[in-house]
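Here the structure comes first, spelled out in structure tokens, and everything after it is commentary.
By written order: A, B and C. Residues from 1 in each chain.
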């Protein structure tokens, strides 16, 4: 049973800007879904529409089975943590936490106990009497989250919760929030532009671009089966290598549906076993090959099905090393263990590991 | 540059000393004079009355103009107009407005009372008339200050309150008011200082009358100096006024400093 | 599909405009009265209840500048154009002087904090705050002594002194708002202080200087007390002339008076409209900026 459902949700602004374009999304009880995408892709707008801070132009928003399009935010019983925390500056942390509870008819004792429970969970006990301007970023963020969980809402909405924290804090908070959300078992939507955040915190991720939902999948599937070029290049660091190629020769279909295809790429020919869909493009079809930096393995020069290139720049990253290879003006990013990294200026050969080659057709969709 | 300002002080000192070298006697007689206290009272009444009205009206006007709406810019100009009139004009014209036969205000009030209403006839009414004119003229000032505060509240605070289902009074108390509180205080101090010195309007409207019931300290000083030629007394009184103003100004400056330091914003 | 959301500080529609219009109209009414009267003939002006519909006339405006000769025919120049000139000239000159000196002082205060800074600033602000009454006596005598009564030099010098504190405070606030990084970069490149001031800081505050100029002129424009005491026939400014017009005449010519005031506030109105953004800063002497 899905707790939040968006059907053909669209938001058009007065000046013609289409912020959200026909989006569909389902979020189950207790599921954490991240809206991931670059700035301006519409993720925050979508979140605000679920919250009730923006009205939808068309489409349906269902929360717990009820259509809420016409309900103002206060009647939707949603909890939201804002990007800028939105803590009430004139109130202490304690009062900030208790704020939403005044709308419910609770006794003072009940309010106090809930606040105590939350401050225990988020380690806010020592700063209860302080005012927002006296808090550090991490503390403010915890109060913002605390304010959401002190209630019993239908869902949680977090807008870029970790974007203002430094890297250390981010890692700590990621884990902490994940734990809390797991305990609360409510549908949660998190907006972020940081894929690490999304990949670690979400059960599923909706990748968005320019108002459209490009793909909704688990982190694993997004990584290994990106639906199109955008998702493929957005997910994964360093970025996936996208190399233009053409189909040279199509082999016979195997029993499992895969086909052995020869590709003409970067002046050489490599062959790989790919899904049947690639064969449908026909010989000579133009494609884009997607190979993740860690999918490359260095082989001896002259090996079959390998690409030859010169090493341009080598960036040590600790245990791993990022090597930039240059061939015909195309930059190939390869990540290998530092102890086997090549040196700049060398001529090397690399091969894509089996099963890790992605083929995209001319319109950018994954075919194999 | 500022030494020019200081020279003001020096010259005043000269005034008190040479003609009649009485030293502090002037101050004593000034402070002992019961008339003076009466005048201070009159001034206080006017100040309290006018500033109170200004704060309330200014606040309400600010609420009205807080949001953007069509023609806002132009209507705002209308409301700001009273501040732009010259003080003498306000005095002169309000005198007309209050006139029993020719003034529309008297006529307007007559609609509610039986006989022709002479506004400037009794001390109470005259004071009220002054307060009305002064408050009318300066409420827009308060409005400007409060407006600045209202507009500086970050939008997302109201959104959070909406999500948190807070009622309008709660929203006002916890979000809006803290932002405008310091500005209201500033308006209070500023207008108090200025109204304390009020002269032009009072002099033109009532000349301190009827009798001397609306004579403010400023008018009294003026009289002392130029009508009775008790220059030194006037100077002494002037100094006392100055002292009062300095105290108030210090309060004002203090309030500004603390506003700068007040981290209501994130 | 849509009700409108409960955004508080957002846009509202025409319903608010109507409400605001009503309130504004009521509030504005006395001013409107003055404006109307300026265009009315004498009997119309005094008619009760108020005549809202009348045939407008420009006679009053003519009368401002010309006045019918009491004996014989013809008209003489009432001298009002001269008074307007005086107000402009005296106001403009004094403010310009104050601004020049003030800007230099403000830059000093802003950039070179001295130990006694706060005290100086305090004294300066107080000078602005003090009741004109108490200063009038010594000034009056001073003028007499130096023979400055009724002269241009005297009143201009005085107004310059008056406008100085205001200028300093306003301009200082503008200098304070500037981004120091550019100046530091210039200093590191070897520019002298004077160059930094002239080429970097000054150009950025031109707008602020203009606003200060305008506000100061408005303050001086409306100044009454000192003008009353210290200007003679030659140097009289408009506010004083207004006061004199109503004193000692057979009945008050309200139409004339309205016309004078109307003309008088036009500059103020125009300027306020143009400088709406700077308004708050100007009206609080530079202590508050949005």
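As a convention for this text, contacts are C-beta pairs under 8 Å (C-beta built on N, C-alpha and C of every residue); 3 or more make two chains touch, one makes a residue touch a chain.
From a predicted model like this one, the values you see are computed outputs, not experimental measurements.
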item: Most remote chain, CA-based centroid, reference being chain B; value: A
item: Leader among chain pairs (count of C-beta contacts); value: B-C
item: Distance from chain C to chain B - Cα centre to Cα centre, in angstrom; value: 18
item: Whole-Å gap between the CA centroids of chain A and chain C; value: 59
item: Multi-chain contact sites of chain C, meaning residues that touch two or more partners; value: 6
item: Shared interface positions of chain A, touching two or more other chains; value: 52-53, 72-74
item: Two or more partner chains touched - positions in chain B; value: 159, 162
item: Footprint of chain B on chain A - complex, ascending; value: 51-53, 72-74, 78-80, 82, 84-91, 99-100, 102-103, 132-133, 147
item: Chain B contact footprint on chain C (complex, rising order); value: 6-14, 16-17, 19-21, 23-25, 27-28, 30-31, 33-34, 46, 48-50, 101-102, 105, 120, 122-127, 129-139, 141-142, 161, 164-165, 168, 218, 221-222, 224-225, 239, 242-243, 246, 252, 254, 257-258, 261, 264-265, 268-269, 272-273, 276, 279-280, 283-284, 287-288, 290
item: Chain B residues within the chain A interface of the complex; value: 154, 156-157, 159-167, 170, 174-175, 177-178, 263-266
item: Contacting residues of chain B [partner chain C, same complex]; value: 1-2, 4-6, 8, 11-12, 14-15, 61, 64-73, 75-89, 92-94, 96-97, 101-102, 104, 107, 136, 141, 144-145, 148, 150-153, 155, 158-159, 162, 171, 183, 186, 190, 193, 196-197, 199-200, 204, 218, 221-222, 225, 231, 234-235, 237-239, 241-242, 245-246, 248-250, 253, 256
